[in-house]
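Which chain is which? They are A, B, C and D, in the order written, and residues in each are numbered from 1.
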C-alpha cells in the first residue's frame, strides 16, 4: 500500500512538526507513539494528566515502577527536570491553556473542528471519558492523529459529527495516514499529501469539498 | 500531643458507615489505598457511594469492594479498564449507578469542596452530552458550565510517608488525587509505606499538611503492587492494554 | 485596676481554652500574644495566612530570617512538623473550614456575631483589609480578643455595628479584659467575669441586656 | 534545547510595556522580587497596573516603583504598612487608583486565571462594603459572591532556586503568591538566588513547574533583605510595628 503512511511514518511526521521546547500532551493510543520519534536533541516536554511534566519513555523490561505511569496506565520513566503535581494542578495546567499542544485520537472530526473521541454512542458500551474533554478544550493547539478511514471504510473527517462530542471547534489540524489537514474557517484544507494519495482521492474518500492550503497564508487561515 | 497514627488499620476505617460517601485516591493502581479498602471490606459497610477516578481493576482494592457488593454508586471519569470486570458486570446487571464526570471537572470539584468554593464555571464539556442539564453561562465571550463541589464523608488515600501530625508526602504519579481528596472529606485516612518521626519530612516538600488528615496508618511495602501483570489501561477503542514490556503493540496506530 | 485583666492575663485566659491539637490562626495585634501562653506540653498548631502551618515563636535576637514571617510581617520560627504552601492553598484552608479556631481583634462585635475590625470608615484612612474577611468566615470558631471599651470609653460590644463589617454572624465568643461573652441566639451571654467586674457593671458599660451563660446548656446555646 | 535563563536582568523585563498589568509576588518583603522591580524601573515602563498583596514598603522594590511615578493603579489586599509612605502619598494625592480585594479572593482569583476557571462563587466579604456591586447567589443555604479571574501581562516573582527549564522552588514564607501568579500571567519572570543544573531539583518538591515560567534570572544573595530594620507590618489600628527584636511592644493588647 503505497497510498498511505504506516503508523511509524505518521508518528515521525507528527513529531517533526513539534517545535523544540514545546509542552505537549500525547493522548492514549496512537499518539503515544509520537514520543519515540521526536527529533534527537530537541527538548519536548511531555505532560501526563495524572500529574507529571518531563515524562520519559517506557522503562527497560524489569524496571517498571508501578507508581510511575502515564494516562494510559502504562509504565513510563522520569527525565531530569521532571516535576510531579496533583490532579487539580494538572488539569488547571490544561484548562488554563498552558500546554502548547495536545495530540489525540479520534472517531470523528468535523470540518469546524468538532472532535468526537470518547464514545461511539452504542447503548451497551460502558461510558468512559477520562481527561479527553479537558484536553480538547485546554491546549493551545489540538492535533488529531488517526487513520483517515475507519476499519469499515468510512471517513473520520465529516461534515458534522454523528458520535457524541468531546469538544466543540477545538481541533486545529488532523494528521492521517493519507494526508495532513488544517481546520480552516472554510473547512478542511489539505496541507500535505502522503505517498501516492491525490486530492481527488481524498475528496472521494471523505465526500468533502477539500482545498489545498495556500502556503502563503497558512498561518492566518489555519487557526 | 498530637498523634494521628492508627496502629490497627481496621480502627482507621471503623467509623465508615452504611451509605457513606467515600473518596478513594489513585489513578489506576498508582496511589490506590488497597490495604485501607481491604480493611473497609472487613469492617463491613455497604451501600457506599464511591468517588474515584477509576472503578477498580483486577480482583483487589476498589474492584474487590465492588465485587463484594458493597457499592451502590460510582462517581468517576474512567471506569472502563482492561481488567475492570467486576465493575463491568455490576454495571451491566444494573446493580451499580454510574455518574460520569470529566476528569478535570472531577478534580476541580473535589478541590472546590476542600477550598470552600460554592461553585465554579468550567469550560470543559461544553457542547457535549455531559453538559446536559447544567447551567450555561457566557463569560468574556466563552461558554462555561456551572460545576458544584464534590464532598465525602471519608477519604481513603495512599501516600508514601507521614508523620504523627498527619503530614504526608507521595511518590511520583501516585500523588494524583490524594492531596485534593484529603481536603474534601470530613474524615481523611491515609495509608503510607512508613511513618517517620516528626520533623523528618522537609517542610518545603510536604504535599498534604496534617490539617487535612485525621488518621495515618503504616502498611509497609505494598507487595500487591508487584503482583501479577502490570495492567489496567485501555486504548481509545476500549481494547485492553497488555503488559508494559510490550508497549510496541500498545501505542499502535489504529 | 482590679476590675480587669491585664493583657497577659487575658492572653493566658484565651490560651487556656484552646484544646490540644487545635489548628489556630492568631490575627495580627493582640491575638499574637496568645502564642506565648499556650499550656506547656500541649500541641497547638498555628497557621499563618502567608503560607505556613507549625509556626513557632519569635526568633532570638540576631536570628531573624526575612523569608520567615507571620501575617503581621513579624519574624517567626519554624517548628518540627511545619509545612509551607502557597497563598491559594492557605486561603483554601481557611475558606474550606479546616481551621478550628481563629482569634481576631475587633473594633466592634454585634450581639448577632457580626464583626467589624478592618475599617473605622473614616474618609481619610487608607483602606486595608488583608485576610480579615477570609478568616472571619472561614474558621470553625471565631473568637474575638479585645478591650471591652475603646480608649474613648465606648463599648465594643454593640447591638448593631456602625463600622463597616468584616463578616456577618461569624463571631462565637468574645474575650475582653472584663469578661468572656458567648454569642447566643439571644444576644451576648456572659460566660465568665474577671476580677471585681459584676454583671450590672457590664450592663452599664455596654448598654446591652446581658444574661449569664446557663452552664448546663452552654454547648447548645453558644453556637 | 530549552534554556530560560536570562543573563542580563534587564533583558528579562525588557518587553514590559507602557500600561501593562504586572503581578508582583511577595508578602511584605518576603518573596518580593526587588531586583526585577529595579530592572523594570530602569527599563522605563509606566502607567502600570500592579497586582500585589501589598503596596510596597520602605524605599525599594514596589515602593520605589510607586515613588518613581510608574504606577497608575494598585490591586491589593493590604496597602497600609508602617513604611508604605510612597504609596500613602501617591494615594492621598490622587495619583494612584486602589482596588482593594480581600486576600483570599485575591489569591483565588489569580489561581482561577491560571487554571482556566471562568468565575467562581466565594463566601468571603458577603455582607461587607466590598460585596457591593457583586452578583450574590445562594448555594445550599449559604450566600456567595461571584468573583472573576485576575490576569496579568507579566508576573515578576521571587524564588530561591531554578533550573534552565524554569522549574522553581521557593524559601519558607517567601513562597506566598509566587506559585499562583506564575500561572496567571502571559509572561512569567522569576528571580532566584541561584540557578542550578537540570535534574538537581527534587521532582517531588518542585513548586512551580517550568511550564509556567518564561525567564529565570539569578540575582545572588539578596543583600537588601538584611538592609536596615526589618519592618513593614502594621497593627489593627494601622499603627507601625517596630523592629522584630521588640515583639513585646508589638503583640500588645490594644
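Following the convention adopted for this analysis, a contact is a pair of C-beta atoms (placed from the backbone, for glycine too) under 8 Å apart; a residue touches a chain by one contact, two chains touch by 3 or more.
Bear in mind that the values here come from a model prediction, so they are computed numbers and not experimental data.
Engineer: Of the pairs A-D and C-D, which shows more C-beta pairs in contact?
Structural biologist: C-D
Engineer: Where the CA atoms of chain A average out and where those of chain D average out, how many Å apart are those spots?
Structural biologist: Taking the mean C-alpha position of each chain, the two centres sit 37 Å apart.
Engineer: If you average the Cα atoms of chain A and of chain C to get two centres, how far apart are those centres in Å?
Structural biologist: Using C-alpha averages as centres, the distance is 55 Å.
Engineer: Compute the distance, rounded to whole Å, between the mean C-alpha positions of chain C and chain D.
Structural biologist: Each chain reduced to its C-alpha mean, chain C and chain D end up 27 Å apart.
Engineer: Return the residues of chain C touching two or more other chains; collapse runs of consecutive numbers into ranges.
Structural biologist: Those would be 78, 84-85, 88, 91-92, 94-95, 138.
Engineer: Quick check: what residues of chain D touch more than one other chain, meaning two or more?
Structural biologist: Where chain D meets two or more other chains at a single residue, that happens at 108, 111, 115-117, 122-123, 170-172, 203-204, 207.
Engineer: Taking chains as nodes and touches as edges, what kind of graph is this: line, ring, star, complete or other?
Structural biologist: other
Engineer: For this structure, give each pair of chains that are touching.
Structural biologist: All chain pairs meeting the touch criterion are A-B, A-D, B-C, B-D, C-D.
Engineer: Enumerate the contact residues on chain A facing chain B in the complex.
Structural biologist: 6-8, 10-11, 27-30, 32-33, 36, 48-52, 58-59, 61, 64-70, 72-75, 78, 84-88, 90-92, 94-95, 105, 114, 117, 119, 124-134, 137-138, 145, 147, 164-168, 177
Engineer: Show me the residue ranges of chain D that touch chain C in the complex, using the header's touch definition.
Structural biologist: Its residues touching chain C are 27-31, 53, 77-81, 87-88, 91-92, 98, 100-108, 110-111, 122-130, 170-180, 207, 225-226, 230-238, 241, 244-245, 247, 250-254.
Engineer: Of all residues in chain A, which touch chain D in the complex?
Structural biologist: Chain A reaches chain D through residues 20-21, 23, 41-43, 45, 47, 53-54, 78, 80-85, 88, 91-99, 138.
Engineer: In the complex formed with chain C, which residues of chain B make contact?
Structural biologist: Counting only chain B, the residues touching chain C are 1-2, 111, 113-117, 163, 165, 167, 183, 198-199, 203-204, 206, 209-212.
Engineer: Would you tell me which residues of chain D are touching chain B in their complex?
Structural biologist: Those residues of chain D that touch chain B are 108, 112, 115-123, 137, 139-140, 142, 144, 148, 169-172, 202-205, 207.
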